[in-house]
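Presented sequentially are two complexes of chain A, the first with chain B as partner and the second with chain C.
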Partner chain A sequence: MRIKRSSSLLPEVRRGKPVNINVDGKPVEAYEGETVAAALLSAGIHTFRLTQKHQHLRGLYCGMGICYECLVTVNGVHAVRACVTQVAEGMQIETCKELEL
Partner chain B sequence: MSEFYDLVVIGAGPAGMEAAITAAENGVKTAIIDSNPGAGGQYYKPLPGAFQVSKKGQTERNGEFLTRILEGLPVTRIYDTLTWGIFKEEDRDGWLVTLYGPAAPKQIHARTLVLANGAYDSPVAFPGWTLPGVITCGASLILVKNQRTAPGKRVLITGTGPLLLSAAAHLIDAGVEVAAVCEASHLFPRALRYGFTMLGHLPRLFEGAGYTRALLRGRTPYKTGWSIVEARGKEQVESAVIGKVDKDGYPVPGTEQVLENIDTVICGYGLTPNTGLARMIGCKMEYRQEKGGWVPVRDQTMQTSLQGVYAAGDGAGIAGAENARLEGRVAGAAAALQLDYITEKRAGEIYGQIKRELMNQRRFGELLGDLFTAKPGLISLAKDDTIICRCEEITLGEIKTAIAEGARTIGEVKMVTRVGMGNCQGRICERLVAGAIVQALAQEKATFESAGAYSIRPPLHPLPVGFLAEAGEEQSDDYAKGVE
Partner chain C sequence: MKQTFDVIVVGAGYIGCSAAYHLCKAGLKTALVEQGPPAAGASRANYGNIQIQDMELEKSSDMIQLARTRFAHLEEELGNKVGLRQISGLLTIETESQWKLMETRRSTVSTCGIFSELIPAEHLREVEPLIDPSGLLGALYHAHEGQVDPFKLIWSYLVAARRLGLQEYYQTPVTGFALNSGRIEGVQTSQGFLSAGCIVLCSGAYTAQLGQMLGCEWDIHYILGQALVTEPFDLLLRSHIASASFFEPAENEEPGTVRANFAISQSPHGHLLMGEAMYEAYHFKRHVPFQSLSSVSASVTNYFPVFSKLRILRSWSAPVAHTADSCPLLGPSSRYQGLFLAAGFRSTVIVTPLIGETVAGLVTRGKLEFDISNFLPERNNYAH
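And then the complex of A and B:
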């Protein structure tokens, strides 16, 4: 969820312009400067991928590009790290696709 | 034709920025590389360029100040770029640094290197730790501070160290309900020993006190000697079980409590230095628990066992951002001296100016390392069917079987089970696999040293299919020599 309130540790910010993105075919709210991971979490989407061996659900974990758990498909490109990729106008994001690594 | 530099700094956090600044100020032809879109690292991570903030905090201002100095110097800045390999160039007495990024050259040459790769959260595996909704403390801080996004509505924070308090305070300020903060270490009476050292770090204590006030305001229980023992949920975290752990980290049976309606578990069991590049090129490593695990052996000038290769900051041993800045300056000056840009006298002056403060920061780092190290017993939170290697989906049971069949080192467990062979290159599971070996072979007196570490080979990060082949075709012959 986007933090709207202003506090001493987290003074209010104005996000960038609204950006049109689609997640699994549905439009999802997003703003310039946000990462794919942040936009997905704000939309209530916590599962980003299925594992290959056991089809277990996985989502954001390390948040800094180290663990490769948050992989999604962006504009047809597999295995993009949602946590270090910023949203962009027209982005098509797919979760839980069969990933060919 | 690829570019030649006197110094290539890898990592543009506090240590890397200071190293590049110190070197460039003294005339060294320097390049700095980072995987993020700009300088700052995790500690000084700037807000996204498209965000506008009403008021900036001290840390942000410090980071911006340092970034402006760096940008005012003739340093080649290569951001949004992964460093996937470093290769020795025998004929040139230097290094070939291979890169992957949208605007990056495929390779650059370096006479000397500063490795300033920072750190990441040390993992602790428990049943349910792979469920969506279990995130690291670092992830929660980036989300809240940098993205102004709350990871959940009602969270449990578990782990060890002051970052838990920072995460809790920020989340409470963001309006998130923090059900509890479980600090796995037993802080008292141990903490009393450090009274004197603490006095030298009053600003940090006040920062800690500010966080503590936020906890009190939020009426958040801060439970020392407790840890998560299980995360439960079907498609994501729904509840969490916490329990007492003894001073070695072993769970105390019968103390479990269930926290209902938890949607996010934030785990921060200390930090692990990111040493992949140092290991890839063969820097001599040593295991130092109080520094976060395996770290490169260094001399006073931050030089590793390899001449002209320096390591600075948390990536060479956890001691915090202030320490990282000082180490970066020492490394930058040492590189400038080795490259004959400054005299020994000048290098001595630079070192002399910061020597005392460096000692001071070191002591504080050791204090934190001693108080807040994730204890070895925490490995026993994992059950036989708990995933240990998240990438290759290998369980503790499979690892124990490999050990029972004779595997004694991490390398041997890897050969049998495929742990550490996935996308993260073993960064996440290494400590857990070592812990499993130490525990299973307690009678043989196995240690983290004897369990060893994964051997790291390029590419350090997974690269798109075809990139390596294409890179190989385009490379000049120095690349071919590099990968021998």
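And then the complex of A and C:
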């Protein structure tokens, strides 16, 4: 869900240029300057990965690069922190992807 | 604040927590004093391996053999799972001289009844399927080693000791010792004076600093050990793998030199622990030098190209105690009555349960199950 300007009394919402990204094969709305985590949450995707041992759901937690809970696969690179990675044109993001050694 | 105890244990690492538990179990009123939180030094920065491959062979074999027997009932005794599992140990051999060294080692450990075998490179994959044996001559293989979760083990000791009345003082550095005509009477801490007739120092790399307060110069130094931790994956690695170069006599290196001695293990939670670039240091800094990242990961992917896809999540560095003759400082100090040491162990996890018992035996003047005369703190006239 994204913030919309619902009244002329509110300030204008300013965003960067639209960027084309794909999440698990589907196009998702994203703007320049946003993090991967912001784009995923805006698209209603809350589960970023599953834990290795018990397959429990994990998503954004600390939001500042410390806790390593929000790991996703970006352009085939496993375990990228969604909260500190900015979106880029043509980015292919995969959630809940198991590591293949 | 004045509090009186039978015995005060300084240091809440593997040895200190085990000692505290066994002292409480022996019915003594025990306090545990620690400058940081529990398991803050080398006890938080290690692989948790119950290993015999690291042992000093001449004087420690009785102790290690006895120590191994203590793991069978450990979880039962502590009433807690400590992540105990069996893994094997592999020492990879790159050169002819290392092969000779490992051959000698194999025959020595077999005389103490520990089975190991030399495996030529072409059969290495039978014991460790993921290894790339090109560039290796072979490896020395111990089938029976093990692993625990360091934090679960230390926590289990603390919980069990607490049930028996242990008093804990964390974030409480020792600032001095109270002495009276050659007897220990207590410790001065940041939280006040704690009185006890017996003090046990289980302070690992920090033991020398405490020794200075007592005017003792024990032969205990430290090196900084580091490791990198990757994201978790399925438990695929069967052994703890280290390079035989660990056993080669160290050349005269300047303190501060990074040595990428290859050593890897998979933690019970699936993380690959890879290290350990060790260097001797005069400081207690806990940073990981940037050279370690490339040198350690290069040495790992060299033998395990399959791990090149793994991403490193974090790293650690901690001062690890060591002594010139690789034997621990264990036993009563000859200088002060009531002062005991248990520090400087080469392979700590394997001796943790046994040394706890030994410390309790020393303090209560009970019978010890092995001879500690080679480990006495003031052996070789190190004390002045």
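Following the convention adopted for this analysis, the second predicted complex is superposed on the first by the 89 of 101 C-alpha atoms of A that agree within 3 Å, B and C clash if a C-alpha of one lies under 4 Å from a C-alpha of the other, contacts with A are read in each partner's own complex, and residues count from 1 in each chain.
Keep this in mind: a residue touches a chain if its C-beta (ideal position, glycine included) is under 8 Å from a C-beta of that chain, and two chains touch if they have at least 3 such contacts.
All values derive from a computational prediction rather than experimental measurement.
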| item | value |
| --- | --- |
| Chain A residues touched by each partner, larger count belonging to chain B or chain C | B |
| Chain B versus chain C as contact partner of A:53, first or second or both or neither | both |
| Contacts of A:25 with chain B and chain C, given as first, second, both or neither | neither |
| Partner chain(s) touched by A:67 [first = chain B, second = chain C, both, neither] | first |
| First, second, both or neither for A:79, with chain B first and chain C second | both |
| Overlap of the chain B and chain C footprints on chain A, listed as residue numbers | 52-53, 68, 71, 77, 79, 101 |
| Interface residues, chain B side, partner chain A - complex | 35-37, 42, 47-57, 120-121, 130-136, 138-140, 142-145, 147-151, 153, 169-170, 173-175, 214, 235-236, 274, 387, 390-393, 422-424, 427-428, 462, 464 |
| For the chain C and chain A complex, residues of the former touching the latter | 231-234, 236, 269-270, 306-307, 309-311, 313-314 |
| Complex interface listing, chain A residues touching chain C | 52-53, 68, 71, 77-80, 99-101 |
| Residue ranges of chain A in contact with chain B within the complex | 1-3, 5-17, 31-35, 37-38, 41-42, 46-48, 51-54, 56-69, 71, 77, 79, 83-84, 86, 101 |
